[in-house]
């Protein structure tokens, strides 16, 4: 199958739209920019779907596995004969799946924004940024080279930065955008070093070759990287862990998650696109991309597992106490990504053991639907309620039925209630965990219950609870805002029935899709318990929730304050980095380094003043010095020198 | 005469040289300083004559040199005294300490 | 014999003739207007300069006491040139002065002395030239007859120079005593590095050092420069110093070869001291003349670095540098002399904001100072480069490092002047100066020389070919 | 293609503006001159590619060699390889942008443009020189114009900064000078003659003991120009006091003279010593990178921020050179080009902001995006390039340096590389702080409720000249950032030549 004719257009079309809107959007294409953006993305989405169709159904398996195709490839920057950054497009099950997700969700958000962002002063700029993000994200998932992925990695980072800071005159948005970028930058440092190690050890930066060389037990590269150790840990573990640090930063894994809740300062559609459905799963995607290598290195995979599990649990707990609806969703995102991560961590290679991989990807896929739906609904709610806080909401079901229904679907999905999408993927994940590591399974299970609780807490608080009256209500929203909700709602309800494991599995062979119904009883029960607790606390306006939080006391407070992780970071950066590193560096530079230079000049000047007395103005002393000079010369040359 | 050894005469000339130098360094009167310089020049004259007479009696270079030195010393003294007179006009003094306005 | 005499002593005779013309003019009853007189003299000096470039003689006279060749003629031309420039520049000052012929008579006498000194091949002849070039200078220093400082300067000059020539003579007498000859050729054969000769060499170097104001024999320099009229100061710092350096090059390179090792070490020490002390003192100076005095001391330090090279490159770089030094220093002195003659202002503070009122003069001064600092593409860069280049050829890099760092220090004080002129504000700046065309031409020539001499390699290559 | 045109053209332009009276004429003539330089450089690039693609593999192209000071074996010898062409290209960009940005200089505009052109002349001359004397000549030509530009047209403590810059750079060139002389007198062309010719010296084997003495002189000397720690202190003061165009020239071109010199003279001609001392270079460069970045973090003045970040960024140049691998050196050259463009853009935008607000204190600024979107966007782009965002040149260069550095398997080199890598985080911090405070955030309002500081009334955003200048530099940055392969291809043959010398030492080991 020849993809090269159109595959490159999928990312390049948004790029073109970015350039066009970036240059002219502010002045000339103001109103048109939304249409342009949507149109372009529509084409991209269609192309993506077509590519997916081609890949899975026309091309299909070759020798029983889904092949890895390199559709486009040219050398971008050659470092060494064997090391070069290539710009290429790789097609394999996960990348094809991802372009569909990315372009589809992005399209939804584009359409939604037509209504949501209407009347914004920087409407054109907004769409250009969205296009930039879409381009970068598509580039990221299609990257055929580990450095290429890094390049697009950074580009999605900057698009995220620009979009979080879209309301640039709000200091909180500025701070949040900065925080997001810096934290992920810090993680990217790890990624970069990981790339350096991997690239140089494998003598290639190309994914295919790299994976091939580092998985073949006979290859000299693998022997070298596995046998070399630094600080008692093998280089391979170092490399993979560092790469994972990069992924963890992007995917807001503990302890690098602090930027994600703040990132909600951006426009809500942006949160839906970037901070829920696409960019934040880049880390998962990265681990999945390198999964064959991770697979042979148990230590690094363990790191992935535990970081994922801790993040999942921690975020779920925190989410229970947050009152800002977008923050709740943000923590839930983090929690769900934690799922995907540990699912990868517990995955084996082929057959049933490889279910974790499939589950992770599946969850990524379904999560994209329900989480973007949740965010878009939240956007609609915020649009109406003019606030992010739960306490300002309640009883909104009467005003916005479509939002209400779709939100409910999404909540059910995320809670893992059958037959919605989340149930299927979560079930696979928990099953994989059960098979591999029961501790993780328990964490996952509890988290799943908590998830159900806080999601329904959210749902009840918004749509039920107290009955609020809205005075200046002008309808639920434009058609462009409702359409994506409906489409995504339908998607959320149905995508779970896709036989995902047929297409995507670690060994590429595909798994028979089967449900472990008996196994599912426990998770579903947990979910229902969670929902029930939420119902009892929040369905009606009451002070039960308040009482409960009072009872929990310190535990509640520390959870509410997100376990003080932000404060710790703040302490480290403000106090330690700024005061103990930055300030001394600046001080040393001014006073010691520069002071030395000035000191030399000062000393010279001082000496010059000190010796001025020699030039006394008295001719006799001049003669004396004259004579003294002769005496010195005589002493030196007639006595000392000889 | 020729029984006086050269070293004696050289001693005289050297002494003269240092006396002149001492005078130059210590006297405050400008004219006296000038005289001190004449002493130095005279010590040189003696040197030349002595070297010529004792070491290279077949040549006359040293003697000639002495004659020239005497002549030039006179010229020098003339100019110096002219300058000192002019200085006296403006400074009303020939104390060398007063001629130290320019310094540092 | 007579024709030979006339031919070989062409340069000296030209000067003598001019001196006599001036004497007759002075004796003549009719008073000439100062302007006319100056123009007439300048024409004579131009002719004198031009004559030096034709029929270049080679040979010797007076039983080898006097010799001349292409190199010496070139050196004399440099000095003639410098004198002409100074004469042109001091037009504004001299046109109000009563004793114009006397000034030139004295000036040209010293020039004559220098010519003899350059051409001398005998210590006696050398001594005569030296005194002839010194004593009238002392009188010249006093040429602002009613200025206290001028007399003081003259007094310091005559006293110091008498003292130094006393020591020099003492050295010569000892040298005579130990070798029995005054003739340079024979001297070379007789020298053998014994203690007495080293001692006399030290005294000789002190004498030379006095004239070129090398540390520690330099102390008179600043005071004399400051007190003297600008014309004399520039003459002292350029022509007189240049002449003695020419002599030093030929004497040290041709006569003192047997004691080369000893004088190398001495010159080395003196050079280091001269650079450092000159620079350190120059840092603080406020009076422009005094400032240039110390800067010229530092310059001598650099010249001595070239002298230590003891190679063809060394001698040619020194001679070449003197040419550039004439251009650069006279460019600077030209501005100072014009400003001083018209406004009487001489301190650095007066020069603040100079650029606002006199941009052209500022550029002349700036270019000259940059050239002195050794900034390309100006000639000074090439001059200094070749000096240190030659010095490095000897293989003693410590000296080169010291010299290179001293160049940085020297840049500081040159830039201080630049800063004052270009950047500082001044409520009472020097007013717009309208000088005559003579100084302007002189400055133009200097600037032209500074710009061209380095880029066009002809001058250096010519000097180098003469020395080979 | 006669390379001397590169010197003659600025010279003629500079001379042409001397007789002009009106500042408008001066500007126009300068602009024409700078544009002609720009075109000329592209013609050069075209010819260069033509020659290379037609199989001309000689080390230097378009060589001209005339004896200058024949007795001293000093020649006027020029020629270019890829590295020089890259640097010349950079110069042309910065010069044209600098002239454009200075369009509104009213004070002594003739002198201003004259000095700018003189500076460009020095830079061109330096980059094409193949004779150490000529090279040194042009190196120093470029010093004094900077002094005057800062001292006369600058702001803040301009005299102090100008003096400091001039003295420190002169110290640098004094050290270079000693190094060059030492090199010269230890060359031997087979007939006992010495030479200043770079290509000839490269063929000779200078004794290692000699190299060990003179390499530090040459390297530190050029290093001072290139902001080698701890001799970088002229950078913050000089840059922040300089007028906009001079800052652009200083950071964009002058600092590159140092890097280029370190490479072409010190490392290329004394490879053994370079190997011996490489660890010191690496240590210093790593310090400069990280420490510069941390020092930047604490700055409050936009120009100081960029100046300190230049210290940090130029550390990459020296790090690349110190690593002595082909990739690292290529990266160093790329970083020079990239940093030149980027920092020029940065200073240009800071200058524009300062023009309008009369303050450079980050704390006093805010929300500029609202009132001057173009300038703010330029500022942000410069910032993003500075923090190494892919798509801009900074990323390409830094990554190339990292790759080249990582080639050494030794832990020492690796740690140095990691330190250098770590700077990308700190860079992000300070750039985003500046952007967040100055460009974004609310507009600080005065008591009367009007935006403060603005004096230009309706015309707040960039004017045509500023737009062109910024666009020019951005095009340069993006051209490298999006398609680095052309620069890589341009530079690589040059670095390969270098490696022939540097690499042979490794083989001996």
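By written order: A, B, C and D. Residues from 1 in each chain.
By our rule, a residue touches a chain if its C-beta (ideal position, glycine included) is under 8 Å from a C-beta of that chain, and two chains touch if they have at least 3 such contacts.
Here the structure is a predicted model, which means the values were calculated and not measured.
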Margin query: Please tell me whether A-B or B-C has the greater number of C-beta pairs in contact.
Written below: B-C
Check: Centre of all protein Cα atoms: which chain's centre is nearest to it?
Finding: D
Item checked: Chain centre separation in whole Å, for chain B relative to chain A (CA means) -> 96
Notebook entry, point to check: In whole angstrom, how far does the Cα centroid of chain B sit from the Cα centroid of chain C?
Noted result: 27
Check: Counting in whole Å, what is the centre-to-centre distance of chain C and chain D, each centre being its mean C-alpha position?
Finding: 42
Notebook entry, point to check: Can you give the whole-Å distance between the Cα centres of chain B and chain D?
Noted result: 65
Check: Multi-chain contacts in chain B: which residues touch at least two other chains?
Finding: 24, 33, 99-104
Notebook entry, point to check: Out of chain C, which residues touch more than one other chain, so two or more?
Noted result: 155-156, 159, 163, 167, 222-223, 284, 412
Checklist line | Sequence positions of chain A contacting 2 or more other chains | finding: 601, 612, 615, 617, 619, 623, 627
Item checked: In contact (per the touch rule at the top): chain pairs -> A-B, A-C, A-D, B-C, C-D
Item checked: Of chain D, residues touching chain C in the complex -> 68-72, 74, 133, 136-138, 140-141, 143-144, 147-148, 151-152, 158-159, 162-163, 166-167, 170-171, 174-175, 177-178, 181-182, 184-185, 213
Check: Which of the residues in chain A come into contact with chain B in the complex?
Finding: 612-613, 615-620, 623-624, 627
Margin query: Quick check on the complex: what are the chain A residues that touch chain C?
Written below: 601, 604-605, 607-609, 611-612, 614-615, 617, 619, 621-623, 625-630, 632-634, 636-638, 641-642
Notebook entry, point to check: Which part of chain C faces chain A closely enough to touch in the complex?
Noted result: 155-156, 159-160, 163-164, 167, 195, 198-199, 202-203, 205-206, 209-210, 215-217, 219-220, 222-223, 262, 265-266, 269, 277, 280-281, 283-284, 409, 412
Notebook entry, point to check: Where on chain B does chain A make contact in their complex?
Noted result: 21, 24-26, 33, 96-97, 99-104
